[in-house]
Amino acid sequence: MTGQPMYVNDDGYFPSNDEHERWEHRGYEMVVGLEVHVELATQTKLFSASPNRFGDEPNTNIDPVTLGLPGALPVLNRQAVELAMRLGLALNCRVQKSTFARKNYFYPDMPKAYQISQYDEPINADGWLDLPDGFRVGIERGHLEEDTGKSTHVGGPGGRIHGSDYSLIDFNRAGVPLVEIVSRPDIRHPEQAKAYVSELRAILVAVGASDAKMEEGSMRVDANVSVRKPGADFNTRCEIKNVNSVRSVGRAIEYEAKRQIALHEAGEPVVQQTRHWDENDGKTHTLRSKEDADDYRYFLEPDLVTVDPGPEWIERVRASLPPLPAARRATLAEASGEPANSDAVLLVVERDQDEYVLRAGTQGGDVALALKHVKEAPDLSTVVPASSLATLTSMELSGAVTATQAKTVVEAMIAGDHERDPEAIAAALGFEAMDTSELESMVDAAIADQPDAWEKFCAGEGKAMGALVGAVMKASKGQADGKAVTALLNQKKN
Amino acid sequence: MSDTTAGSEPAVQATQIAEGVRHGTLRAVDVLDDHLARIDAREDEIHAFNLVLAHLARERAAEVDAIVAGGGDPGILAGVPVALKDNMCTRGIPTTCSSRILGDWKPPYDATVVTRLREAGAVVIGKTNLDEFAMGSSTENSAFGPTRNPHDTTRVPGGSSGGSAAAVAAGFASVSLGSDTGGSIRQPAALCGTVGVKPTYGAVSRLGLIAFGSSLDQIGPFAHSVDDAALTLEAISGHDPGDSTSIERPPLDLRSKLQMGAAGLRVGRITDLPTGASPDVQARLDEAFDALAAAGAEIVDVAVPAFGYGLTAYYLIAPAEASSNLARFDGVRFGSRTSAPDTNQMYMATRTDGFGAEVKRRIMLGTYALSAGYQEAYYGRAQRVRRLIADDFASAYAKADVLLTPASPTVAFEIGDKSSDPLAMYLCDTYTIPSNLSGDPAMSVPFGSGDGGLPVGVQVLAPALQDHTMFRVAAELERYMQDQQQQGSGS
Amino acid sequence: MPERITTADVSKVATLARLTLTDDELATATVELAAMLDHFADIDALDLDGVEPMNNPTHLVNVMRDDVIGEVLDRDEVLAAAPLAEDDRFRVPPIIGLDD
């Protein structure tokens, strides 16, 4: 992944992507690929048996391998391989025979002065990830490697590396298993980049590969950004590091794209380099230039042997995968009639409440109404049995309670009133179905009371409707169904 | 074997010590004292050890005796004094690789072989000198000064495991362990007149061996006899889940095969073997073929065309791996550090001060062989040559059960003879290197003497996992030499 | 085989390996390395097309361990053996002049 100044794969990898909106600025488009590092949710390190645990006392999760002591030898963690496979299969990758290499470089948080990483032969290759709106991002590879330790910079201005007096190293994180997921440079819009990170995170959590917490660093995003005139060749890219939230992903690449466009317009070269995103000033800054040639001297790690999962293991892992977020959204969309990328579907699946909503459906309730309630009242699923939600939606559907009343019932169920029984709550609140003739007489009374409003409403002034509906609601003490009132008013107008 | 001990007193063989101690006819503490007495007498002159563990060894020997007194069995190496090359980690005991860069580092863990030796009842008597980080063929590249050959102290003991070879030859230890990356057990064994074995790659765990060339390194024994070497190897071999390249097999079964003789075995003579062996060494090799033929073996001609390219392949691959393996000596977590104003300068200063000239030379050679633009031309091509060598051996082993070559082109050379000419030193490994590249077992058996009455070793090579066949042939050569000596001494 | 090794090559290699050479050492090292590489040119004559590189003698695949927590080292013992430690961590001089 070094020494390649240009992207090598063709644009338009997925023809269907052409239908999606592209970010554009002064006639340029952005070309973005993301490299995401995730820490795997194992008990132990990738190559040794000390704990993989965040937040422990410094240098307590160490062993000879973690510290790179002389004579220490790595032994691969089977669970790390399996979690990487789970992720790879979820990303539609080819899971394949793979090897480990040494990436040689000196840095105090890298104990052996080489990182063991899959280089030529990653365990996962050539997959893709579909964003909720159907945009497809190619996945080049998802390979296993070990994490580094952590440095703390002491003295100087504000804990920064530059100007510090010295640094302190904690090796607890060293050797923690990582998967690096490298996307193809298919992303053309900051929103796509954000959606990619969110969706990847959801998949990671769903398959149990990682807790994927950007704030704790268990998910880390680097962005490769270049710009070009649509249809032109790829240009020199820059790598943006230190992007620590989904929001920053969008901001950082948009800033960087605009910076590069300004350079192109000024006729100045874009220098291939690594840049650092600064959340405070909203800019990217030069971290180091790639010109001073990294020479990592990769070679196959002689202390480890080939990992060849083989069809049997691969199929066993595939069979054990849970439904993925995209499939769950599709299921919920079909059951509810809402679009798969609607806010309600996205949100409820993200909150892991889709199963609850669907259960309300199978227990005789209405899925669309259940979805609406759960979207608006996230606490429902934790305290109210799905069967009670199902009952409420049935009451609503039959007209036994109005939509407005139903909301009140939901609040009461969450509060724990009447053993969360929707019928008991509705009865206690005096919610009864109002028959049509009673409602009609209330509507007639409202028209009679406000002839001006009625006239305006008939003349097509939509705003006038509010006064009429409000009067009916007041007369009915809130028990009238707003939709029914509107329907009656329209009926009478014609 | 009194003839393999270049001291005034005969050393006792490990097989005899262990049997005596286990049956209560010998006390481990007495055996130890015999060895310590020989160390006292000659160690100043030989310098086999970086560290003699007299006190710990006494405690351990007493413990072994107590086990026997209590009716227990301390194991197959009960009471056997063993010396360890000082590149094997010993918990709480300095492990230096004969380098300044490790400072007074004491490993917080034991190498697997050390654990196995203890479980077998052995008594570790000391840590032996070596060429720094096992890089050399004379044990002159030690930060602590050279080891001398017990047969002639103006000469080198060979290397890099020269201290371990000398310790056995001088009777300081009954057996010792060395490591062999390109001949570092077999060549010093030949020069010191001991048995020295590099087993099949993966037969002995490398966990706790401070790596030189990870895909080449193997630990193996030095011993007074083939039987002792077999016993020691049985104790230290066998699967270790802590080494991913450890063969998933039980310990080697060798001793049961030693009496089978060489009759019916096909012994290969490599027709295109690189020249360079001195006439005295060549004469002994010829005699070995004759001896085996007389014992009923069939001598067959085989070709190993790529054998001679081993040196080049090795001196690109081993330094490449070493350049990476030795990068961890950076002054951050253990060992010595030379202070400097920033971390990068600290790395430079620590490594420049800490490593000796030969180590630096090989690190640079290996770094170059792996560097951008040169990797395919050097490291890549060397790995392809390695494949050729392995394939050539496989073809040869279709026709022969074992092969015989010299272990070293010459007998022990004078201290200082080759130390200013790295290439001349590298040529010492011509005959031993190919087995490291292929991963096959090979051993050196003392086979009489050459110029100046100095020991000559014959190398027996066998295909991977055929260590027992190799030992059968070695035992036959040993029997022949015993017969010769008995006839010579007129007894 | 590539062109003959130069002092500039050797100097770059020394930097990569974090070794400092004096001018004299650099000159000597260049001569020595060049002589070795000349010697190693014997394999240039070999036709290696189609010969697979051999990385390791081992034929093992899928050597893995269970994901079970094992022993950890004693922090105080380890830090006591470190060249410099502070606040339960390994101390190094300022990190500059290094790529991350």
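Miscellaneous remarks
Order of writing sets the chain letters: A, B and C. Residues in each chain are counted from 1.
Everything below uses one rule, namely that a residue touches a chain if its C-beta (ideal position, glycine included) is under 8 Å from a C-beta of that chain, and two chains touch if they have at least 3 such contacts.
Computed from a predicted model, the values in this text were never measured in an experiment.
For subunit B, the chain whose average C-alpha position is most distant is A. Chain pairs A-C and A-B differ in how many C-beta pairs are in contact, and the one with more is A-C.
Between subunit B and subunit C, the centres computed from C-alpha atoms are 24 Å apart. Subunit C has its Cα centroid 40 Å from the Cα centroid of subunit A. For this pair, subunit A with subunit B, the centres built from the Cα atoms lie 57 Å apart. Contact with two or more other chains is made by residues 64, 67, 75-76, 106, 108, 167, 169, 171, 295, 297, 299, 302, 304-305 of subunit A.
Subunit C has residues 16, 18, 55-56, 58, 60, 63, 65, 73, 78, 90, 92-96, 98 in contact with two or more other chains.
In subunit B, the residues touching two or more other chains are 105, 108, 215, 241, 244-245, 323, 327, 330, 332-334, 343-344, 347, 367, 371. In the complex of the two chains, the subunit B residues touching subunit C come out as 105-106, 108, 201-202, 215, 241, 244-245, 247-248, 306, 308-309, 312-313, 315-316, 323, 327, 330-337, 339-349, 351-352, 355, 360-361, 363-365, 367-368, 371, 373-374, 377-378, 380-388, 390, 422-423, 437-440, 464. Those residues of subunit A that touch subunit B in the shared complex are 3, 64, 67-76, 102, 104, 106, 108, 111-114, 167, 169, 171, 293, 295, 297, 299, 302-305.
Contact residues of subunit A toward subunit C in the complex are 42-44, 48-51, 57-64, 67, 75-81, 105-108, 151-153, 161-171, 287-288, 292, 294-295, 297, 299-300, 302, 304-309.
Within the complex, the subunit C residues that touch subunit B are 1-2, 5, 9-10, 12-14, 16-20, 29, 32-33, 35-37, 39-40, 42-43, 46, 48, 51-58, 60, 63, 65, 73-74, 77-78, 81-84, 90, 92-98. Residue ranges of subunit B in contact with subunit A, taken from their complex: 88-89, 95, 97, 102, 105, 107-109, 111, 206-211, 213-215, 241-245, 320-321, 323-324, 327-330, 332-334, 343-344, 347, 367, 370-372, 375, 379.
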